[in-house]
Every structure is written in C-alpha cells, then in structure tokens.
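Chain naming follows the written order as A, B and C, and within any one chain the residues start at number 1.
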Amino acid sequence: MTDPAPRPADHAPPLPQQMRMVEAILFASGQPVTLREIEARLPPGCDPLGAVEELRRAYAGRGVVLERVGDGYAFRTAPDLSFLMQAETVEQRRLSRAAIETLAIIAYHQPVTRAEIEDIRGVAVNRGTLDQLIEMGWVRVGRRRMTPGRPATFVVTEVFLDHFGLESARDLPGLAELRAAGLLDSRPVAPGLHMPLVPGDGDDDIAVVHDAFDLSKDDRP
Amino acid sequence: MTDPAPRPADHAPPLPQQMRMVEAILFASGQPVTLREIEARLPPGCDPLGAVEELRRAYAGRGVVLERVGDGYAFRTAPDLSFLMQAETVEQRRLSRAAIETLAIIAYHQPVTRAEIEDIRGVAVNRGTLDQLIEMGWVRVGRRRMTPGRPATFVVTEVFLDHFGLESARDLPGLAELRAAGLLDSRPVAPGLHMPLVPGDGDDDIAVVHDAFDLSKDDRP
Amino acid sequence: MARLPADIPYLRPVPDADTVARRQADELLIVDVDGYEGPLDLLLTLARTQKVDLMRISVLELAQQYLDFVEQARTLRIELAADYLVMAAWLAFLKSRLLLPPDPETEGPSAEDMAAHLAFQLERLGAMRQAAARLMGCNRLGIDRFARGMPETVARTRRMEWQAGLIDLMRAYARLRTRDEFRPYAFDRRDVFTMEQALDRLRGLVGEAADWTDLAAYLPDGWQSQPGRRRSATAATFAASLELARQGRIELRQTDAFAPIRLRRKPLDSDPP
C-alpha cells in the first residue's frame, strides 16, 4: 500500500460489521489466523487489530474465548469448561450368573468366608468375581473370622442396600417367602419317574471360569 | 431411592453459566448437537432448551449464528459473509441432474418409494443415483410402505437439512405453494390413466442407458 | 452439451452439404436426443413451446408435436430408445381417442381424464425441477455457511453400570438353596432301543426268514451283551414282531413258557408247501 493511503473510514464497513467478519473468519478457519491474513480477507480499509481486540473483549468471560495463539488468533473453549469436553457413556451390563450367585450368598449369609461361599455354590469362587463385586462397591471385606487361618469374611455395603432398595440385609426374604412368592416353583419329580442323572455340575464349573475371564477383561475402562 | 427427588433448580448453575456451557459445547462441535446430548453433558438440573434459545437470541445478527437443524443445534457462519470464506469453501461433489431431481423429489414427497420417484420423473431411477445420495448421508431408507410388496421408502436426513440450512423438512422452499397446488399429492393412479413408463423395477440394462444419458450432460454445472 | 433451445425443440434440419459435415451434424443430433431425460422430459420441453400454463396445455397439440419429433428422428435414421417409441404409441392412441367422439361402450378413464393426467404429470415434473433449483440455491454448508474449522474432540469415557434387581438376587439364591431338592428331568436315550427302530430293522430282515428263527438273533449288534441294553432291545424287538404278526407279515411261535420265541415270514403262495 503506497501513500497517500485511502482514508479507511470512507469505504470500510463499520466496526460492528468488521467484527462480524472477523468472527466468521476465525470461527471457520482450520488453524489460528494471523492479523495479516485477516487483513487480506477483509474488504480494504478495515482495521483488523481493532476488530479483533473489540471481539476479544466481547467474548471475555463467555463459554468460548478469543485467544492469541502464536502470531494468530483462534477461538477456544473457556478453560474452566474443559470438563464439558468429556462425554461419559454409560454402558449397562448384566451381572454374570457367578457374580449374582456369589452376591446372593454374601447378602444372605454375611459375614461369610470364601470357603463358605464355595461350599454353598458347590464350585470354586473365582477371585475376579469377588474383586468385581468389591470394585462395584456392593461388597466389602469384613472382619477376619476367629478360626484357624483367620480367613477374611465378606459383607454387603450400603451401596448394595441402596441399589436394591433394602434397609438392611435382614430384609431379604427367606426361603419360605421366596417359595410363597412363586420364585421357587419347584415341582419335585415323582420318585417313580426319576431317571438316572448325568452329573451336570462340571458344566457349571466351566461357566464360572468363563465368567471370570470375561469380567477380568471387561472391567478395564 | 424413591421420593422426593432433589429440586433441580437448587443445584443447577444460573442461566448465564448454563449458556456459557451450551456455547462451549456447540462451538466445539462440527456437527449439530441434539438437546438430549447437551442435556447429558450439562450438570443435572439444567434447562438446555432455555439456555439454547437464549443463546440463539444472543447470536442473532452476528458473524456466527446458532442454527437449529432437526433435533439439533449448530453454530454456522452467517450466509451473507460467504464471500470472506474462499479459503474454507469445500469443493462440492458434482451431482448429476438426475441426482438433484431425485433428491428434490425425496425431500418434497418424503417418505417416497422408488416407484413413485420414477412415476414423477418418468424414467427409471438408477440404483447408483440413490446409492450416491445415501452415501453422501443426505438420504436414508425410511419405513417400508404398508402396501403390496412392502416397498422401501426414502427420506432426507439431518445431514441434508444441515447442508441446505433448513430447520426441518417443513422449511423446504416453496413447499406450501406446491402443496396448495396439489402437486405433492400422492394420487393413486388408475391403470388406464397412466402413461407408459418402460423400465421396470431394477431393470439394470435400461437404468444404465439412462445413466449414460445423465452423465453425458449433467456433469456440467 | 447443448440441449435443444427450449423454443425449438425439434431436431435440427441436416444441412445437405458434404458428408463430413453431415456426419458431424448426425452426431450432434444423437447427442441432442440423448439430452432428454426420457420421454416425459422431452414432452415437458415440447409443452413449454406452447407458452401456456401447463394445466391448460393442448394435449392434442402436444401429442402431435411429439409424434412429429419421433417422425423426424426416424427420417434422420436416429435410433430412439424403446421408451420414446412406447410413448409415441400411447400418444397416438390418446390422440385418436381425443379426436373421435366418445364411445359410451368404452370402459376405463375417458380420453379427457388421460389428457388431464398427462398435463398434471408435466406440471408436477416442471414443479419438481423448479423445486430442485431452489433447493440448490439454499445457503449451503461449505459454500455459503461454514462449520467450526477447529472442532474440538470430545473425550469419551465409558462407565459400566451393572444391572441386577432384587428378583435376580433372590432367584439366584433360591436356585442355589434348592439345588438338591429337585433336578431337571433328564431322559437318557443312549441305552434305549425304541420300537420304531426295532420295527424298521425287523421289516428289512424278515423277508429272508423262510425258516423259524430265534427272535434273539434279530437283536442289533452292540445291544446283546450289556444287560440293560439287551433288555431294551429285546423288548422293542418283541413288540415289533407282534406288530408285524398283526400285519400278517410274519408268524410267531413259542413252544413253552419262557422257551425261545421264534419267527418266520408268512409263507408265500410261491413257496413250496
């Protein structure tokens, strides 16, 4: 630009319009834009620095701020709102059969040792199953049993009671009530019809092992 | 946890702060964000619709405006400033005349079956034309029509609305006049009235011939 | 590629000059015919030359225009796609119906209805063309309006929420505590030989039994040594032999209580007495 420079005010759009232009340019640009670039894109006679500074003031304290980045300018999320740039997706999963059975035993028999849980379930309790329940906050380690080996016991937590809408673990319905509620719809097989059984517990063992593997994997976020 | 839920207003941030948050969320996204998504990211008890609408008013007439797109919202530069945006202008994929007409018919007549599109255009719809529109994300398959053969219908998407700057399909230009003139009526055509449409369903040979016609001329803007 | 000017939609007359020019002109003509997107498009172009509202178009005149077009193409040895010819036939039919006094015997829509519908179709196609143009004239993203150039990525974290209800818990416990009370009914089919199996087997074998044979000889392999399997196979084979005897295919004989049961096929007429 040679002198005598054209008098800007004569031809240039008014400042609010210049601010609109700068706003749009900075918004749409894929990288910070320098004053020189802004000037090249604005109509002749504009005042890029004045428009940028005015715009910067207008955005002060808002959700988006106009920042100086290197020798350019760019819009950025206000630093205090960066937590909004995280989205949490909640994934709902059903508990494995091993986990829910273990949980049920702890709830009904607490405090209960691992050996006792295994005795009731009839299969080994995988460490991962208990870990999962503890990590979920539904089960915690209670006092050690005063027996040889001083084994740890497990109890359910307040979080558990909260989730299941119970005041205390004593509120869990007993077997008789379960039967009355139709949850134990057992029709004992008439003795005469009883056929020799193929022992089926082996399957259960395998199932438990699989569950445990799944859980140990899936727990990682 | 049943009654009484905590009163949202007690804990939610004040409206200007909610507006800042919505502003940050929408500014950060290249695509429209739905109210539901906004709500999921705001602290509990906020009023996303109120904040969005307030924000929209605040941005009216600025260089960047808050647009409503279907169920979502997005910031876009004001259309009158497009002349500043040569640097950002995206090379648009050239659409054939057949594709543009098919798109318009889907937009104005949706949900519309392929047979209906062919009836309006008087030529077979090339499979590639629909595929292209679907691939661009402007058209998707809607519900099947509950008529013999249960034909698929086609509808336009939110990406379409966003691209053409429409709040909803009701805002298509000239829609009201077309409807008033009865030109959008889907009138079941009596067999004898119908003028001949040679190519049948999926008649690829003929479709290819038509496509060749399209290409010979429509690639020019 | 030039479409024909809207007000002269006919094929261009071929200059009777040298052959090269003629060939070039011919090629141009072919291109021009191809320039129409089907017969309806051609009709719409022809209709526009009438310079009246499409709903008040003279369909009779339009039909004639179209037929002239097709005739001209034919004299220029231009091959028209089949659908152009089908349309020509239909329009010729429509034209004749429009010209003749209505025949009260004729079923179906009247010629006027057909003409009105054609006019409607042309108007609708024209309207959609216009709508398409207006649509493309909207403020388009990436041309007139622009999205944020530096979108910020939203960090997604996944949180697992475990679902389990009180019912699940109680069911699980009930299942464990009553496991010894009942077992699912399981029927072991491995060691059971059914009567159907025995019948199938016996039918195939008795044809050979012209002489009295011990039933025990018909037990299948693998079912003879183990007592349980032998019992099942014997019972099934015996029941099957009763069925075949009832059908008159075999005869049974037992000389004494607990004596072996023997069978033979029913003697045929051809057998020696």
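Keep in mind that, in the parts below, a residue touches a chain if its C-beta (ideal position, glycine included) is under 8 Å from a C-beta of that chain, and two chains touch if they have at least 3 such contacts.
Since the structure is predicted, the reported quantities are computational estimates derived from the model, not experimental observations.
Of all chains, the one whose mean C-alpha position sits at the greatest distance from that of subunit C is A.
Nearest to the overall CA centre, using the mean of each chain's CA atoms, is chain B. Centre to centre, using the average C-alpha position, subunit B and subunit C are separated by 30 Å.
For this pair, subunit A with subunit C, the centres built from the Cα atoms lie 44 Å apart. Residue positions of subunit B with contacts to 2 or more other chains are 27-28, 75, 77-78, 85, 88. Multi-chain contact residues of subunit C (touching two or more other chains): 146-149, 152, 154. Subunit B meets subunit C in the complex at residues 27-31, 67, 74-79, 82, 85, 88-90, 92, 97-98, 100-101, 103-105, 107-108, 119-123, 162-166, 172-174, 178, 181, 183, 189-199, 206, 209-210, 212-214, 216-217, 220. The touching residues of subunit B, counted against subunit A in their complex, run 1-2, 19-25, 27-28, 37, 40-42, 62-64, 75, 77-78, 81, 84-85, 87-88.
Subunit C meets subunit B in the complex at residues 1, 3, 31, 34-41, 81-83, 86-87, 89-90, 108-109, 113-114, 117-118, 121, 123-125, 127-132, 134-149, 151-152, 154.
Across the complex, subunit C meets subunit A through its residues 146-150, 152-179, 181-183, 185-188.
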